[in-house]
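Chain lettering (A, B, C and D) follows the sequence in which the chains are written, and residue indices restart at 1 in each chain.
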Amino acid sequence: MSRVKVGLIGAGRIGTLHAEHLAYRIPGAELVAVADVAIEAARACAARYGVPLVSGDYHDLLQSEEIDAVVICSSTDTHAQIIGEAAEAGKQIFCEKPIDFDLQCIDRALQAVGDAGVKLQIGFNRRFDPNFRRVREAVAAGQIGMPHILRITSRDPAPPPLSYIKVSGGIFLDMTIHDFDMARYLMGSEVEEVYAVGNVLVDAAIGEAGDVDTAVVTLRFANGAIGTIDNSRQAVYGYDQRVEVFGSHGMVRADNETADRTLLSDAQGVRAALPLYFFVERYTEAYIAEMEAFVEAIQQDTPPLVSGLDGRAPVVIAYAAARSLREGRPVRVGEVDTR
Amino acid sequence: MSRVKVGLIGAGRIGTLHAEHLAYRIPGAELVAVADVAIEAARACAARYGVPLVSGDYHDLLQSEEIDAVVICSSTDTHAQIIGEAAEAGKQIFCEKPIDFDLQCIDRALQAVGDAGVKLQIGFNRRFDPNFRRVREAVAAGQIGMPHILRITSRDPAPPPLSYIKVSGGIFLDMTIHDFDMARYLMGSEVEEVYAVGNVLVDAAIGEAGDVDTAVVTLRFANGAIGTIDNSRQAVYGYDQRVEVFGSHGMVRADNETADRTLLSDAQGVRAALPLYFFVERYTEAYIAEMEAFVEAIQQDTPPLVSGLDGRAPVVIAYAAARSLREGRPVRVGEVDTR
Amino acid sequence: MSRVKVGLIGAGRIGTLHAEHLAYRIPGAELVAVADVAIEAARACAARYGVPLVSGDYHDLLQSEEIDAVVICSSTDTHAQIIGEAAEAGKQIFCEKPIDFDLQCIDRALQAVGDAGVKLQIGFNRRFDPNFRRVREAVAAGQIGMPHILRITSRDPAPPPLSYIKVSGGIFLDMTIHDFDMARYLMGSEVEEVYAVGNVLVDAAIGEAGDVDTAVVTLRFANGAIGTIDNSRQAVYGYDQRVEVFGSHGMVRADNETADRTLLSDAQGVRAALPLYFFVERYTEAYIAEMEAFVEAIQQDTPPLVSGLDGRAPVVIAYAAARSLREGRPVRVGEVDTR
Amino acid sequence: MSRVKVGLIGAGRIGTLHAEHLAYRIPGAELVAVADVAIEAARACAARYGVPLVSGDYHDLLQSEEIDAVVICSSTDTHAQIIGEAAEAGKQIFCEKPIDFDLQCIDRALQAVGDAGVKLQIGFNRRFDPNFRRVREAVAAGQIGMPHILRITSRDPAPPPLSYIKVSGGIFLDMTIHDFDMARYLMGSEVEEVYAVGNVLVDAAIGEAGDVDTAVVTLRFANGAIGTIDNSRQAVYGYDQRVEVFGSHGMVRADNETADRTLLSDAQGVRAALPLYFFVERYTEAYIAEMEAFVEAIQQDTPPLVSGLDGRAPVVIAYAAARSLREGRPVRVGEVDTR
């Protein structure tokens, strides 16, 4: 099978991470171009990974006949536009989450993808984490029977800069969106109603920016199950990423990954390692696996494992959560879905 | 210090359990009388533990000058009445939870206790579990900083008989009431608002009886923290009793107790023991510890560790939860408190 | 079934512990007499547990027709003598380990027991620990196939007083003897050869007293399996009691028991509880279970679960270990067995 | 800093593994040549990783001025010869373990390295495992005080082919040699005496080939500590690689790595994942880290972290273990060291 020729659009932190994987870790792919409006960033990335084509304009990549697929890691406000153009250009598309903050924009982009008949995979990397994947497999295989209760704990080690918070779209669109996707993935059922409680407990400045830093969200699923997500912008002990699904015949849960499995016992107690610090440390394997899956979907012409609709659904849930927090009541997902 | 002479009122399952502890495990107490309207039950219990005085009428115990304290384990609908009379008779009182389903009855009973100047300890045994006590101590000592998020998982191994469900007062007054107490105990802050979601997923007959068997409850605390409780009437792997408190400087959590600490590894996987089956197995030490604390409070004339108000508060929260479930909206605790 | 009337001989620490269990925790037994050459100790014990008969001479107990069984907790040098006399008096016998330091004395005592046709159970309490019992059951049930390797870690939290060390018979007869018994129990096979290495690493005074405080013993079993035991007189983190059996189809191991199952995560690490401090904390349930088993063996006229030969074998192994350490070579058990 | 140009000698399984790391995972290295007497293997490896120079004769690499360093992964009997020639050619040398089975050969090779003033790093990859490294750091930092007892469990998931067993040099030179190195690494003290017990319990054919498949080795260290290693050629549950160091102020231990951290609880029990299957799965990160360290030692002109003497010492210990097994007695390392 010939290698998939990939162009990277956006050479920031997450773009560079994907570039390294495409260059070194994914035999089926060949990274042939890098574009970034900050041309220096594109150049640096290209030099580091030996990429021949560099541009300050992603249109150069879309026009290149050599390129099979694009990986979109530019800023969120550009995703929908680039998806649309890339689809028209007939490129296979991987796009970082979220597609957009605006549902109509998302729908237009998905329409373009559908019309062009290209593939679109959304970067919900956590689905490819070996732990969550194992939990999903156990649920899907019926090992816990019918799912009744879902619990997700998702806490970051430290809040992002305030400047980022202000343009993040709020905690639900920025952070909980991953958990909304995880909820759909693990349960295999759609979220119908959301109730969100939040508070500013970590940093008053986050509150002044109009956001919350601590939240608990209750989910009602179409299959009757109930879920609960808890978020914090600051867990001093590191990235806390755990899930649990309880059902009629059992329970499956995933604990955090740590740097090692050592225990130190002394007169004060028994000490184990902290969770891996943040998403780069915790999800490296997942980032590689999602890109491998994208490349494989292209090579074997199969549907991507995280579809455009999978990218849209968590945005809708996030809207419902935000309204719930604002209005202090449970909100049905249908209330905020414009479709 | 002279031993506290105790009379037991109600010789059912929980009464017999307390009788055994009072007879054998608590050096500071002497079990001198047993009363039960089912006189045969009282006789059997007395014979088993060598108790001299037996009666079919608890008034005999209240009138006995020999008896310092009563332990009330009769049916819930008799608690408030017996508390009132025991207080008037000047007895120290231990009463199983809940005090009553009716807040006015509770208030009258607490009034009587206050007027008589006797002690009243409510049987929230889980506060005396070494795990939860350790969690509380860590929180109280500031080891996790300011508490932000509370998580309680509380699942029974199997539902009670349907006949019991029908008179139980509903899942929140019967089962979650322990978790509401645990929430107040662990957080050291009052619950101000409750949002409850529930469903019938375990047994349709429970739904026909007007109750739910699966529930998730969100709590807002006066100190700004947020809590979430999840309940099921049936965890096939045994009694699932875990708590977690997350705060500004860390997290403390308690996992389940198991019968042993062995691991068996074979070609299929690594297997560990299940949680202890149910409350008798899990909380034996806690039942003994709460009774020791009661006896010690009498001997040293200190306030009981679980007061009458501690008995009242979870009933109010349970009312708020029930209304929330009924009305599909968050309910402030003040809405249901008649005081 | 009528209760077994028990007389306690020796009211020191371990005797008092058994007295409490016989008085309160074992329904099938009745503690009716306590003897101790230190009559005050006997009196204190009897008063504490309401025992009617007290004596400074154990012969009073042997002569009492009321007494069915004796529990021997006197000093080791008196065990064999008392066993012999108790057997002649027709009493059922529970004796603390070791039977004696001298094999000929042991053999005479076992002979007397055999001649009298009474039961003799030796106090190897660890066999009744739920963890080790579970490991034994897994091995016996073939869950790990044929056993190949045994690992025992057995470390005390702190050395005994030097005065005790001097009369203890040495680390192998005093401390490792429990592990030799555990080895036979878990493997269901006899030890044929021993190689012991030891050193003085904890306290030079122990070396000056002619003993070692740190030891590693290699065992060869009749079934071809190999075992290794490691001992220390001082584990600052508490009583370290772990076993592991590895076999053709898997492995089973038991970790330490701790006071609770909490985990505290903060910026420094994840902390769990230490092992239970020492044998009283760790083995309370095992002490009760061994006494229950003794009482049951009498009531149902079945062989005791830890026989006189089970009491003799670890003494022989300890002798082989001591000689191995002295002579710096592996020693076959047959070399030191006088029989 | 310029990249280190590396030539690979030997393109078998372990050679190919190093080739992949040198090609993709170690930015400081450039894989420029591959040699193997089986020229097809060299060609396949070179093609896979885009290596320009291929040869059937490693002398081509030694003569190339372009090559800074060689990585020797040929068969053991060629190691010493190639080390000597590579040293004379002025190449930096990484060599897989063991250097040789013959101490005089080893000494000649080390002499050549010393004379040439080049670096030699031996492939004891386990030193670079994050778990064992963390244990070593804890010991070296004094976190457990003075080390007293070392325990190493090292069991393979399945025996190698019988043809391999026959030329392996025996279990101690082939398998335990890693544990001997680990013992020296963790304890920071030399082994002075060895006692080995072994048996054929896994496969009778291994015994017929003159080897054992199950072994327990006792080590005495210069610092007075005692160690015990247990080995099996077949752990059906996977690669079992655990260590524990116990000392005057505490204990540190490392448990196995598993594929995930999930737990599945159902009516039968709680199930966790098995250990990673074998050395490729378990030690990938360690293989990369050792090669990074080699490259760094060259670039920064520092001594390699695993020296030639570190490669020699475990061979001597293995000889002592083999003699101990043969003669049934403890053997001092000095007895077998020809130097």
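Note that a contact is a pair of C-beta atoms (placed from the backbone, for glycine too) under 8 Å apart; a residue touches a chain by one contact, two chains touch by 3 or more.
Keep in mind that this is a model prediction, so the values were computed, not measured.
Engineer: With centres defined as the mean of C-alpha atoms, identify the chain lying farthest from chain C.
Structural biologist: When every chain centre is compared against chain C, the largest gap points to A.
Engineer: More C-beta contacts across C-D or across A-C?
Structural biologist: When A-C is set beside C-D, the one with more contacts is C-D.
Engineer: Please report how many Å separate the Cα centroid of chain B from that of chain C, as a whole number.
Structural biologist: 40
Engineer: How many angstrom lie between the centres of chain A and chain C, each centre taken as the mean Cα position?
Structural biologist: Averaging C-alpha atoms per chain gives centres 58 Å apart.
Engineer: Let me have the rounded angstrom distance from the C-alpha centre of chain C over to the C-alpha centre of chain D, please.
Structural biologist: A distance of 42 Å separates the two centres.
Engineer: Which positions in chain A touch two or more other chains at once?
Structural biologist: Chain A, residues with two or more chain partners: 236-237, 249-251, 265-267, 273.
Engineer: Which chain A residues qualify as touching chain D in the complex?
Structural biologist: Interface residues on chain A, with respect to chain D: 24-25, 130-131, 134-135, 138, 143-144, 249-257, 259-267, 273.
Engineer: Looking at the complex, which residues from chain C come into contact with chain D?
Structural biologist: 146, 148-149, 151, 153, 155, 195, 197-199, 201-202, 214-216, 218, 220, 224-228, 230, 232, 234-237, 240, 246, 248-251, 328-330
Engineer: Which residues, counting only chain C, touch chain A once they are in their complex?
Structural biologist: My answer: residues 236-237, 258, 265-275.
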